[in-house]
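Each of the next two complexes has subunit A plus one more chain, namely subunit B in the first and subunit C in the second.
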Partner chain A sequence: MAILTLKDITKKYLFKNSFFSFYSGEIKAVDGVCLELEEGKTLGLVGESGCGKSTLANIILKLIEPTTGEVFFNGKEITQVREKEFRPLRRQIQIVFQDPYSSLSLRLRVKDIIAEPLEACLMEKNKILERVKELIAQVGLGQEYLVRFPHQLSGGQRQRVGIARALATSPRVLVLDEAVSSLDLSTQAQIINLLIRLQEQYKLSYLFIAHDLSLVRFVSDTVAVMYKGIIFEKGPTEMIYDNPAHPYTKLLLNSIPSFEKSLKNRKDRYMIKQDFSLNKSEKFFGCSFYQNCPKPMPCCEKQMPGLKEIGKNHFVSCFCYE
Partner chain B sequence: MKGLHLCNMKKFLNHRLAVSGAIIILVISVFAISAPLISPYQPDDIAIGQYLLAPSAKHWMGTDILGRDLFSRMAYGARISLIVGLVSVCIAVIQGVFFGAIAGYYGKSVDNIIMRFVDIMLCFPNIFLILALVALLEPNIIIIMVVIGATSWMGIARLVRAEILSLKERDFVKAARACGVSDFKIIIRHLVPNAMAPVIVSATLGVAGAILLESSLSFLGIGVQPPTPSWGNILMDAKLSLGIAWWMTLFPGAAIFITVLGYNLLGEGLRDLLLLRK
Partner chain C sequence: MAKLLEVKNLNTGFHHEGRIIPLVDDVSFFIEKQSILGLVGESGSGKTMTALSLTNLLIDRNCRVDNGRVMLEGKEISLSDENCLKEKRGKEIAYIFQEPTTSLNPVMSIREQIEEVLLMHRTDIERKSIKNFIITQLQAVGIHNSEKKISSFPHQLSGGEKQRVMIAMAMVSRPKLIVADEPTTALDVTIQAQILTLLLELKENFGVSILFISHDLNIVGQISDYIAVMYAGQIVEFSKAKELINCPRHPYTIGLFNCLPNRIKHANVKELSTIQGEVPKAGNFPDGCRFHPRCPKKFDRCSKEMPPLISLKEDQEVRCWLY
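Coming up: the complex of A and B.
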């Protein structure tokens, strides 16, 4: 059974154009997202900047409320649960952030940072220090780091502290919100290996949010491709990478920089038009990818295609497959 | 990155303004603390026939119209003026941080109510508000401190609110919320300590303002009440003998000037060190 299920999650933000206007539109940051995360598996979520990946992460952690939709953790609906009742469940879903420079408070020592979630779930005081020492060893840092402040650590070390904090309460689901994107390649490899080791050790389930596609291929069991808040394609990693169905997925995979490709067909590579207007115009009901699609059809302009299963567990949302 | 790591003692010592301000404050504080040791007379001892004597070896700063030794009165007055300055700023900081933190963290209508209240408070001309309050209540030193504190917290509340508005969106606050840390603890442990740098600067500058305000109130006769000496009411006494006893106005005036200068220099120095640093 899936440990985490997202059902039709939508998050709308209203925006005002000027001070005097009451209401001038809405942005769908996340639009009807359905995802399942199996226990002990990794779900990779890819998409360009600003497509709603982090909003989705915040919804899963119940840091923001979705406009509509349901999140099931271990079979239990959590978006409607009150904060007080949800608190015991919080320890089971944790997050590692992208920017190791803003994810740690500068005023606290490393041991206090890692101890914080333990204190929050009311662990006994004498056990906390023991657990903190155990955690710091697990993420491959020496005991001497416990008394340091974050500004005395490098980016990679900070990220390890962030991971140690997330692991402190032995969560079952870990959301990795671009957890390695801001690190250099060798550190990335170390952190990824650490994460894989921890997953095997504790049967953790990861939601791996990233924009590095080769990295996602390496760690994920299933992949979901997101564009403008909508999941356009999802399925087993191998199927998506070997046989991408949606034009946006093809485009993404095509844009992975590679030496041979860049020599061969640099010219006929299709480039995406930068368009940050999102779905501002409410009159447009068609496919969100319409403006960028290399092969748009007349029906694409009228209606958003639904997700359709085209292979085993391989879903795609495009009229080419209707 | 803004930070309070005063382990940068070296940087502080290299900052001439800040150091000279700190030295002035230190000297004045030592002067105030050691008042019983250094003053040759009791501050309210009246020497009959020795009124309005010019400074001499016997009376270092002369005597006042009642024949009291001005140096002794200045030393004891320093205690009152400094204590009023510091305590009222402490009250203002506590109040400002409390309201600012709540407004910034909870946002929406809470924020709106608190900040509109701040706007209303800022509309009152400070000194007239205090005049009205002191007229209603009996003026004594505690009331003076509370009233000065309660009318000067708005700037700090605004600073703290602004800092917290940006801090609460940071990932470390999200991480704490994701762990189930309570709102109160997030504010106390994560937000307020990270928002303290501008508060410290503004509080240091605020001490100077509070000392000035206390002096003006005492000068008007509604501050610290005689016979307790404060720099302000020594100046008030000097009013009567303005033309004939220059020492009566010079010394308390200079003391207020130097102390305010000291706090302002320290405040500006701290601003350079804590806020403008890259």
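Coming up: the complex of A and C.
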């Protein structure tokens, strides 16, 4: 049973060409995304910057409203629910942000940072400190850190505080928006291990957003590849990494740097020819990867292919598989 | 092969109230002609400070190069002589920085910015032919449609294009050495692969040497001929890239390699291996070997005495008492 289901989520932004004109166009930041997150599992979401990963995270957290589409949490539709009714659900979906330096308030001590969500969900005051102590131990920090300020902590310790804050309300879904990207290699491994341990302990479900593809492979059960707001491919991790079907996924996987691979053999390999951006006024209905695809077909220019199941739970959006 | 750049006993420190906080401590290395030296380390390990010290580009007045010699093609660069340094910077040693968006001037067109470098360093090019020269340079770094692009401003270009412009700017003066400080960190993986390939092509076609600074072992391992690993302001291991990848010696290097998630091939491995503890901050370095509080193989001597760089064989040095 999926704990979180996204159905056909689309988020459009209108823009003007000049200050005085009317809205003259729209940009689809997220376009018809369908995803499912199983309970206790990790869904990895990969894609280049600006492809809509964080917009999707914000929609799940109900921080922004999708233009169309539905989000089901535990079988209940949440995008249309009013804020007051959504409150009890809000504590069940939490987020850990990318930058541990800007996501913690500089003026609050660690104990106050972690206590804030507990106060917001009206926990009794005498229980709060107890819970905070419990949380800080869970993320592997000593009690002496409770009275410190964020500037006294290192990046890894800050991220641990961020995780403790997210865990405070005992959520069931945790959105990790590039949660380890800004950390050093050795600290990153520590945080990943902590996240894996917490997942086993509390049966948490993770939406793991990252651009480090080898890390996503390590932590995720299923992976979705996003490009310009559209899910190009999704499926079980091993299937995606061993048999990528979409040309974009192949390109991404080929680009992973590795000390085991030599760069010299890759010159003949195809690469994105140019940073192609669509002329805003121009309407283009075809596949958004058309310009960079190594094997474009005439039909790719005319319409966007739909998601098609090519293996067990393995979906691809490409005309090669129609 | 002949050595292009040789750095000996470089010390850079932060002077504060009569105290010196060492940021770069006794760093020595060399770069061969037409080769790439990869400098890896975690944040705060002194990689960037080393790079900036080469031409004394230290921005803070309290930061000073206290000691050390930098030799370019056998000739010493005097680090205190500002006039001599001005000639070297950009002309013989060019820099590419991490964030192309902040390194380019937002109110100047691409053409004007490259022209600035040309007027400074390339007096051999006639004024009339400057425009064409810039266009061919932009083409050489793989910018499509460069006739139009030269009159555009930085905000009109994508991240990858901006970094290409930065590389073109570094290349117009035909430097002998390019210092690339995390040139791909701000870019997407697909663009990153292109920029790395471009740097390799420049090395082969123009015979330029590159000091490539990165925190990512994967990238450095892929592109470098030699690798130096830095930890807490010191070089802890220096050797040929192949050697270092196949057989890392220093416990820190071994630990770093084990942290890489792409090393794990089996599905049943549930945990990444880690290095205990945190990177020490400058000014707070432990006595003895600076890695010993985190080291799995430490023994008594490590906490008392700082190990020197020990030569194992030709071109291979390790700073560890184990050897």
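Heads up, the rule we're going with is that the second predicted complex is superposed on the first by the 310 of 322 C-alpha atoms of A that agree within 3 Å, B and C clash if a C-alpha of one lies under 4 Å from a C-alpha of the other, contacts with A are read in each partner's own complex, and residues count from 1 in each chain.
Operating definition for what follows: a residue touches a chain if its C-beta (ideal position, glycine included) is under 8 Å from a C-beta of that chain, and two chains touch if they have at least 3 such contacts.
The structure presented is a predicted model; accordingly, all values stated were derived computationally and were not measured.
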Subunit B and subunit C placed together on subunit A: clash or fit? fit
Practice problem: Considering only touches as defined above, state whether A:G156 meets subunit B (first), subunit C (second), both or neither. | Solution: second
- Item | Which of subunit B and subunit C A:M123 touches, first, second, both or neither | neither
Once both structures are overlaid, the C-alpha centre of subunit A sees subunit B and subunit C separated by an angle, to the nearest 10 degrees, of 80
- Query: Is A:L307 contacted by the first partner subunit B, the second partner subunit C, both or neither?
  - Reply: neither
Could you tell me if A:Q188 is touching subunit B, subunit C, both of them or neither one (first, second, both, neither)? second
Between subunit B and subunit C, more residues of subunit A are touched by C
Is A:L61 touching the first partner subunit B, the second partner subunit C, both, or neither of them? first
### Query
What is the contact status of A:S214 with respect to subunit B (first) and subunit C (second): first, second, both, or neither?
second
Min C-alpha distance, subunit B to subunit C, superposed, in Å, is 12
The subunit A residues in contact with subunit C across the complex are 48-49, 154-157, 184-190, 192-193, 196, 211-215, 217-218, 238, 251-252, 254-264, 266-267, 271-275, 277
In their shared complex, subunit B is touched by residues of subunit A numbered 58, 61, 63, 86-88, 90-91, 93-95, 97-99, 102-108, 116-117, 119-121, 151, 162, 165-166, 168-169
Within the complex, subunit A is touched by subunit B residues 1, 3-5, 170-172, 174-182, 185, 189-190, 193-194
Seen from subunit C, its contact residues with subunit A in the complex are 42-43, 144, 158-161, 188-194, 196-197, 200, 215-223, 245, 255-256, 259-262, 264, 267, 270-275, 278-279
